[in-house]
Every structure is written in C-alpha cells, then in structure tokens.
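Two complexes follow with chain A in common, the first pairing it with chain B and the second with chain C.
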Partner chain A sequence: MTRILEIADLRVDLSRAERRVSPVGPVDLWLDAGECLGIVGESGSGKSLTLKAILDLLPDGLTRGTGTQKIAQGGRLVPTDPRSLRGAKISMISQEPAAALDPLMRIGDLIGEIVRHHSGCSWAEARLRAVDLLRRVGVPDPETRARFWPHELSGGLKQRVVISMALACQSDMLLCDEPTTALDVTIQAQIVDLLRDLQVNDGLGLIFVTHDLALIRQIADRICIMYAGLIVETGPSSEIFSNPQHPYTRALLAALPDIEQSEGRLVPIEGTPPAPTAFPQGCRFGPRCPRASDVCRQTAPALLATEDAQDVKVACHHTGDVT
Partner chain B sequence: MSNWLSVQNLSVDFMVGGGLAPAVLRALRSVSIDIEKGTVFGIVGESGCGKSTLARVLSGLTAPTDGQVLLDGKPLGMDRDKAQRRRIQMVFQDPGSSLNPAMSVCRMLSQLLSFHQIVPRDQIEARCRALMAQVNMPVDALDKKPGSLSGGQRQRIAIARALALEPEILIADEPTAALDVSVQASVLNLLSDLIRDLGMTMIFISHDMAVVRRVCDRMAVMYLGQIVETGPTGAVFEDPRHPYTNALMAAVPRLVPRAAGDYQMLKSEQPSPLARIEGCTFRGRCPKAGPVCATLAPVLDGGAHRVSCHFPRAGTNPVTEGSSHGH
Partner chain C sequence: MDRGRFIIRRLLQTIPLLAGIMLLVLLLLHVVPGDPARAIGGISASEEQVDQIREELGLNRSLPVQYVSYVGNALRGDLGRSTRSGRTVTSIIADRLAPTALLLACGMILSIALSSVIAVISARNKDSALDFALIGVTVAGISIPTFWAGLMLILLIALPTGLFPINGFGDTPLENLHSIVLPALTFAIAISPVMIRALRAKLVDLYRQDFVMMSRAAGLSENAILYRHLSRHAAITLVTMISVQVGPMIFVSVVSEKTYARPGLGEALVNAVSQRDFPVIQGITLVTALFVTAVHLTADIVISFLNPWMTLK
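Right, the complex of A and B next:
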C-alpha cells in the first residue's frame, strides 16, 4: 500500500492562553491510499479539531502547533503546507452541513462552482456534472433539486449536498466528520457503498469520524480511539472490536444500545470528560477509570504496542493486567 | 384521555423552484397521529419524508396547508401566546444554526429563565448550573459561545435550552445524532426520568433504530409524506408489516454482522416528493407490488398496529385482525 498522508505530533493550541493549552495532541496519524481510518471518541474529545487541523481550517482562537505533515507527491512523501491541500489533495465533509452551505446560492450552482474550480470546464458542463453528483448521492429528481435553495432541503438532503460538494473536488483524500448522522439507514448504506467504491476503484483515502460504532466496524480498516485530545488505542478495526484493551474503549462498547433489546437502562460512563483547560495530570482517563492506580495519577501512559498484537497500540499502564 | 395530542389529516405543501418553473412539493400528505400524555411517540422514516416538517407544524413554526393539531381537545394554531409556546418546546435537528452565536450559553439560558419566570431571579444561576449537569456538560461551558463548543456539546446546549422551560411536550428532532454512545445514554436516561416523574410527553424523531426501540412507546414509520405503518414499538420491531419497514430494519448496521443474504437494500431510487404518484407511493421500489398497487392507494388499516399496504407481510401476532381489508 502506498502511504499518502503522514502526520507527526499534530497539536491544536488555544491562541490566547497564558500557558499552553492543547485541546488536541500530540497525535500521530497516517493514511494509505484506498484505506479507511475511523476515529471514534466521546463528544468533545477533539475529533473535529483534528480533521480541521489537517487542513488548517481551525476557527478563531485556535492555532495549529508545530509538527510535520507529509503528503505523497510524485511517489514520495514531502512536507506540505496544509492550506495548499484544501480541495486539491484533501477535501472535507464537515459535521454541520447547514453551516457549509451558502444560503444565497442554489445548490446546483454551489456544486457547479466547485466542479468548475477544479476542472476548469464550462458552466453548462459543470451544471450537468453537479446534477450527476446529486444523483450519485441518492438525491431524488436531481434536475429539479439543483434549483432548490439550501433552506428548502431537509437535514439529510443538506448532508448529501455537502457530500457531493466534497466529491466534486476529486481529491485523493476525504475527511468525513459524521457524514451520515442525518441520513436514514437505507440511504446511509447507499452512501457507504459509494465511498467504498471510490476507495477500491480510485484509491480514495478516507478518514471517517462517527459515533456509530456498528457503522465504523463495517467500513474502517483501522481505528483510532480518542479521549481528551489524545489517541488512547489504535489498531485494525477487527482487533479493537473483538479484543478492546483500553478501559475507555471497553466502557464505550458497553454503552452501546442494542437493537435487539428494548429493556433496561443504558450504562453511561461515569463522570464527564475533562475540559481542555483542566486535563488532569497523569492519565487523562484516570479520574473516571475503574482500574486507576497511583502510577496513573502521576505519569501519562505512552501509546505502545501490546505484547500479543503488534499492530495494536494502547496508552494504559494496566495493559495486559488480568481482568 | 387517549388522544391528548392529536394530529388530524395534516398536509403541508411547499411552493418550490420559484421563477420560471414553480412546483408544488407535497411534504406531508394527510398525516394523523394520536399521542397519549406521558408517553413517547417515535417517528422514523427515509430522509426527506417530512419528519421535521411535522415537528415544525407541531411547534407552530410552519403553517399546515390542511388539517389541524389538537391539544387536549382544543385547536393549536400558529399564533401562540407565551404560555402556549412554553408548553411545547423543540430541539432542532441542526443544533448549530438554532443557537445564537453571539450569546454565551449562560446569557441565553438566563434570559429564557427570567423571561418565562421559571425560577426567582436569585436562583437563575443555580438553575443554569443544574441544567448543565443534567445534560452532562461541565459548568465552565456556561461561559462559552456556541462557536467554541464541539458538535455534541452544542446539541446538549440545545437540549438544555428546551428543558429549561420545563415543557409539557418536547419535540426532539434527532436529539442525540451528534452524541457518542455514552453521553447519549445519559441524555436518554434523563429524558425517560422526566417522562416518568413529570409526565412529560415526547415526540422523538430519529434515524437510530436501536434508540427508538429503547425510548418509544409507540411509533410511526413515514415514507414520502405519509405514515405507512404505526403501532406499539415492540410490535413494529418484532413484526414489521410494511415492506419499507422491513427494508429499514434490514439496513441497520450491526456490531455482529448478520448472515449473508439477510441484507436487502432498497433497489431503485427514492421517488421525488414533487411527482404525483398514482396508487401506492412505495410501489416503484417494492418487491411485492402487484397491479392493484398501481391504481389504488392503500389506506392505513388495522387495529392497534396499522399498516398501509395491499400485501402486508403476514403477521406472527394476530394484532391487526378485525379489519383485514379496506374498501
């Protein structure tokens, strides 16, 4: 497999803080062509900021810390300025589709403009391709829909428009932030098939953030579990699901509602995740962890390969302890 | 008091396209629902089938083209007074755009609490803190503006805002879509407590079938502006009658993959709400459609568990016996 993205020590810092406060990082990430990397983690753990940092699209008040980011170019990995990647090499489907749509443009023109920007074709051609993209993401009657304004669309239609805008860029990598939350399961399956098709046939690399664990299991080759801005466990999707190591990963799987069950209260993980300004010393999951001991309160665990599975890495002092 | 909140033959048409080629989009086509006080009514269905439109009509934000909403026997129109507005609160599907970006969470909540006189002035701050705890947010989020919160944090603020007014009816449009499973679990537990302890009634719109099964007492499955199946949640899940309901259940991704061949994806495209369709609106995608489906629209029929289909899947429970065939 050819590596297309390699990031070391990715960090997001608050710009205006007396001491360094980093909602994200340091985090290492990489991606191969045609691969899907899933990112899972509690709300507020830094998933969206990580994706935004890759393209340096961070909101006001946040800056990307140092670290290196390399992109495949002509068969070699070369350091590249994140801003130059937007659209060209990497495109993004953001978490809140409504915010990504210009309310003053009809959706056909929104997509057409992107098509034109990336291919330099004529307006007439761009419109046709926009309609075709809408059809591919399952929008019914796309010719008519192309003339709709964003406010005339349902939540799921907006989300599909945003997906077609990202596909219009024809980039090598797609960063997807909860791209299917507003879709029903049948259309979600259709979109997942479309993405998989692009993965297999065009070598599209995907980074996929979602709270839907069953979905991530279906599509991701590799998974990163994030907690409080750090990766706490990573490895092949099958390993993580069949043999979760980190106490946080285990708790997450236990909180999942099961469609076969209608009774009983759900089991949330006790406590709340810390705010970036109040990350605890030592292990950040420590205060909520059933296995926390003195060492957990003093030193932060490093992300290390486990003994029984070399491609799984876990950041926990108690990995391998008998449970 | 079986129909405390009652939706009767509700239809909503939108004029769309504008300019040269205006067209009528039929977002809701004669929808009727009865909801008991203190229960949760779930609505599921294809993206774009009219769920949010129904929610907006109930909240008084969209005017129906036809039909009406009754609360406790009295019509509930578009112009509602302050007390009526407070009784029915909505959590919007898109939490980002429903929050004022210029206002801190604390200011937004305090304003609401004092405007509707929910608590005495000197208790406002304490109430704001309590609300944060209820939705599992750290108190320091009160000082933040929506822009510096994560997607799931914004969604919880939207839930806190709706709950601040202690509504009798909560209309929740995908309220947990942006939440991870752990936070989702605590929010769902909170909502069921409010229903049990305060008799709150909830309309719960969701794409997450596992959550619907947990939370809802009764539910409706919508397709292209209509209800195609409705009944007690357990009955609909264990004994889905409509072919669309079956397809929906089959497409749910599972942690433990099912046997091959179990997965029946809907074949052709979703139909357009702009088209006029004779007969059954689902027939173009239905594996069972026969000649009658092209000419005669099926009606929602049956007892407690009703389905709108000429060839419903044979039931395993005799729930719909009594009125087996329409006219």
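Right, the complex of A and C next:
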C-alpha cells in the first residue's frame, strides 16, 4: 500500500484564548491509497474539527495550531500547505447536503464551476462533464437534473450532487464529515454503497468521520477512536471491534444495541465528556473510567502499540491488564 | 411558466393599488381643515372668487363623481392646472422631472457602489480594527441629518476647491452631471449606511454557510466565491433594501434639492405646499407614488429572477 497522506501533531486551538486551549490534538493520522479510515467519537470529541483542520477549513474562532502534513507527490511524501490541497489533492463532503449547495445556482452550474476551476475547460465542456459526474454518482436522468435548482432535489440526491462536486476535483482523497447523518436509513445505505464503490473501483482514499459505530464497521478498513480531542485507540477495524482495548472503546461497544441479543439492557457511559477548557489532568477519560487509578489522574497516557497486536495502538495506562 | 405567472399576478396587483393611491391623492384636498377652496384662495379672497375656485376644482360635485373624473383625466395625462401660475400640472412636472430623475439615478448608483464596497471590506475583515472603523463611519452616516451633510459638503468641498457648483442644474448634459456630484453624494451619505449595515450582516452570515466552506474545500478562490456565489445573495439583499428605502430616498432627494437649490420635483413640491397650490401638490404626490409603486414592482420582478423559489408560493 502506498501512503498518500501523513499528518503529525495536528492541533486545533481556540484563536482568542488567554492560554492555549486545544479542543483537538495533538493527533497523528495517515492514509494509504484506496483505504478507508474511520474516525469515531461522540459529539464534541473533535472528530469533525480534525477533518476540517486537514484542509484548514476551521470555523471562526478556531485556528490550526501545529501539524505537519505530508502528501504523496511523485512517489515521495512532501510537506504541503493545507490550503493548497483543497480540491487539488483532497476534497470534502459534509453532513448537511442541503446547506452544502448554493441555493441560487443550478446544480449543473455548481458542478461545472468546479470542473472549470480544475481543468480550465469551456463552460460547454464543463456542463457535459457535470452531466457525466451526475451519472457517475447515480443521479437518474442527469441531463434534466443538471438544470434543477438544489431545492428541487431530495436529500439523498443532494448528497449525491455534493459527492459529484467533490469528484469534479479529481483528487485522490475524500474527507467525509458524517455524510449520512442527515439522511434516512435506506438512503444512508445507498450513499455508503456509492462511497464504497468509489473507494474500491476508483481507488479514492476516504477519511470517514461519524458517531455511527455500525456504519463505520461496514465501511472502514482502519479506525481511530477519538475522545476529548485525542485518539485513544486506533487499529484495523476488525481488531477494534473484536478485541477493543481502551476502556472508552469497550464502553462504546457495550452501549451498542445488539440485534441478536434481545435480553439485557444497554450499558450507558456514566458522566459527560469534558469541555475543551476543562480537560482533566492526566487521562482525559479518567473521571469516567471504571479502571482509573492514581497514575491515570496524574499523567496522560501515550498512544502506544499493544503487545499482542502491533498494528493496534492504545492510549491507556492499563493496557494489557486483566479485565 | 411559474415566473411569467408571478409577474402577471404582480402587475395585476398594482391596479387596485394605483386606484387606492389616486383616491388618497384626491382626498388630500378634503383632509385640509375647513374649506379647501377657501384655503386655496386665502383669507383676502372674496366669496365669488372662492366659488369660482370651487367650480374650477369641481369641488361642488359629489366625491365619487370627482374621483371618476380625476382618474379619467389622470389617465389622459390631465392633472389639472396650477392655481398660482395657471400652467398645466403635467407641464410643470415634465419641466422638473429631469433634475430629480438624474439625482435619484445617480444617488442610487453611488449608494449601491459605496455600500457594496464597504460591506464587502467590512465582512471580509470581520471584527478587525478596519471593520470597527467602517462601522463607526456608518453609524455617523446614519446619525447626520441630510441637510447638514449637504451644507458640510458645500462648506468643506465646494467652496474651498471651487470644483463643484453649489446650486442649479446647468444647461448641457455635462453641466447636469457636474451639478449632480455633490447632491448625489449627499444622497448616498443618507441612504448608504442602512444598506451597508444590512449587506454586511448578510455577508457575515453567508461566510458562515456550509456552501462557502464547501466551495473553499473544492479549491475555489475567495474572489470566485464572492463574485459567483455571494454576489447573487447580496444582490437580493441590495434590491430588497432599495425597495424598503424608497421612501427615505424621496425624502432625501427633496432635502437635497432644497439644499442645493436644484429645480427639481422636490423643490417644486415644497414651493407648492407653501403656496397651497393643491393641483401641483396632488400631481407631484401622484408621480411620487407611481415611482414608489414602480420600484417595488421592479424589485419583486428582479428578485424573482435572482431567487428560484420566490415564485413557488
């Protein structure tokens, strides 16, 4: 597998805080060609901000702190300015397809504009390419639909249009910020199938952010579990789901309903995640962790490879302890 | 098509509106306390003269009859005669129209240009010192009375430099344009601030929208986002603001004409009011009301082209 993206020490800081407050990071990420990396966490864990920081698209009030970002170029990994990657190497789809489309432009023009920006072709050619892209993402009757306004499309079709706009960039990586959250379940499945198809057949690398564990299990090859702005566990999807190491990952999986098992109750995680201004000292999950000890309250655990599975990394002082 | 039907419906709606406007204009004469004919003639007029005025104005007929004949005459372009000069109201309006139309047109263009530039700079540099400075200037603009702004322009620009005439309209098109500079600037100082506030707020809101972030993510430049996407949204706000501000615009143009002694409709109106020249007052009021109606109508039609879902309702 060829590495196409490598990010080290990525941090997101509050722009106007007196002392440094980092809702995210430092975080290390990488992505291989044609791979799907899933980033999972609850609301406020910083998974979406991590994704936006990759393209330096953070909302007002937040700035990308440190973070070196290397991109494959001619077979080598080269440090690159995040803004120069936008659309060129990395494109993005978002959570709310209705808000991601400019309501005052026909969808053919929305796609055509991006095609033109990246290829410099004529408008006529860009329109033809737009229709091709709509067909590629499975929009029925693309010639007619290209003349539609965004408000004339259903949510699922809007998300397909957003994906076709991302494809118009012809980049190697697609950042997916909860792309199915706003859609109903059957449409969710269709969009996931489409993304899967793009990953497998077009070799598109995906970074998929979601809080939906069942969904991530279907699509991701590798998973990062985020809690309070840090990655607490990462490894191949199968490993994480079959043999979770971090207490938070275990708690997450225990909170998941199981269709096979109709007996018993779901186990919630006690407490609430901390705010970025009040991250606890030591392990950030410590106050909610059943296994927390003195060392957890004093020093933050590093993300280290486990003894039994080299490709799984866990940030816990008690890794390997008998449960 | 939807838009065609929307425009036709909107045009039809103006018919009852115009009928109502004409009724109000006619009633102008009757809401004056006391006898309108006596009010026109003044205290020194004899009873016969007052009767004659009443006869001339048709005030001895019933109101519905007066209304029908007023509307009928107005449709034929007959708005009566001035009780002072005896000239037809239509010819007075025709004489006075050019300076006012030019002032409104130039003032509006200047206001739109000024508001767009300042609002974009302000919104792009949100919360910076520059933004706060521009907000300060805008608030000052809202607070300054129009006549005072006009006098200050005369005092600080026209008189020291001698570059601009301070009164009149000029005879050649070039002189007309030269004479319009300061009045149009006065107009813009009065009208732009509210437009700047509205536009800046709109742009700040737009910059927070997902589709702007997604356009950035797709690699589009800030200028491409501004010119191809945000400009359409901003245009809707601008057109709306113009139609909302058309009342203040008329007021400002009257004050501006008076300040710079321009022979326009506003000046004629002020003179007619002080001379109680009712047919002229009615005529100019009617023309003004037509202008307001036309601006609202045009604004709605323009927005229906900019905004694809406006015609849905």
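Here is the rule we go by: the second predicted complex is superposed on the first by the 291 of 323 C-alpha atoms of A that agree within 3 Å, B and C clash if a C-alpha of one lies under 4 Å from a C-alpha of the other, contacts with A are read in each partner's own complex, and residues count from 1 in each chain.
One rule holds in what follows: contacts are C-beta pairs under 8 Å (C-beta built on N, C-alpha and C of every residue); 3 or more make two chains touch, one makes a residue touch a chain.
Just so it is clear, the structure is predicted and the values come from calculations on it, not from any experiment.
S.K.: For A:C169, using the defined touch cut-off, is the partner it touches chain B, chain C, both, or neither? Pick first, second, both or neither.
M.R.: second
S.K.: According to the stated criteria, A:R291 is in contact with first (chain B), second (chain C), both, or neither; which is it?
M.R.: Touch partners of A:R291: none, neither chain B nor chain C.
S.K.: Once the structures are superposed on A, label A:P59 by its partner contacts, choosing first (chain B), second (chain C), both or neither.
M.R.: After superposing on A, A:P59 lies in contact with both chain B and chain C.
S.K.: Contacts for A:R196 in the overlay, against chain B (first) and chain C (second): which applies, first, second, both or neither?
M.R.: In the superposition, A:R196 contacts neither chain B nor chain C.
S.K.: With both complexes overlaid on chain A, does A:K70 touch chain B (first), chain C (second), both or neither?
M.R.: neither
S.K.: Which chain, chain B or chain C, is in touch with more residues of chain A?
M.R.: Of chain B and chain C, the partner in contact with more residues of chain A is B.
S.K.: Classify the contacts of A:S154 with the two partner chains as first (chain B alone), second (chain C alone), both, or neither.
M.R.: So A:S154 only meets chain B here.
S.K.: By the touch definition at the top of the document, which applies to A:R3: first (chain B), second (chain C), both, or neither?
M.R.: neither
S.K.: According to the stated criteria, A:E96 is in contact with first (chain B), second (chain C), both, or neither; which is it?
M.R.: Both partners.
S.K.: Return the residues of chain A at which the contacts from chain B and from chain C coincide.
M.R.: 59-60, 96, 99
S.K.: Flag every residue of chain A that touches chain B in the complex, lowest number first.
M.R.: Chain A residues touching chain B: 40-44, 48-49, 59-61, 95-99, 135, 138, 140-141, 144, 147-148, 152-157, 159-160, 177-178, 181-190, 211-215, 217-218, 241, 251-252, 255-259, 261-262, 265-269, 272, 274-275, 277-278.
S.K.: Looking at the complex, which residues from chain A come into contact with chain C?
M.R.: That would be residues 52, 55, 57, 59-60, 86-88, 91-92, 94, 96, 99-105, 113-114, 117-118, 149, 151, 162, 165-166, 168-169, 175 of chain A.
S.K.: Can you tell me which positions in chain B touch chain A when the two form their complex?
M.R.: Spelled out, the residues of chain B in touch with chain A are 14, 16-18, 21, 23, 25, 44-48, 51-53, 93-97, 136-138, 140-141, 147-153, 156, 173-174, 177-186, 188-189, 192, 207-211, 213-214, 233-234, 237, 247-248, 251-255, 257, 265-266, 269-275.
S.K.: Of all residues in chain C, which touch chain A in the complex?
M.R.: 126, 208-211, 213-220, 224, 228-229, 232-233, 306-309
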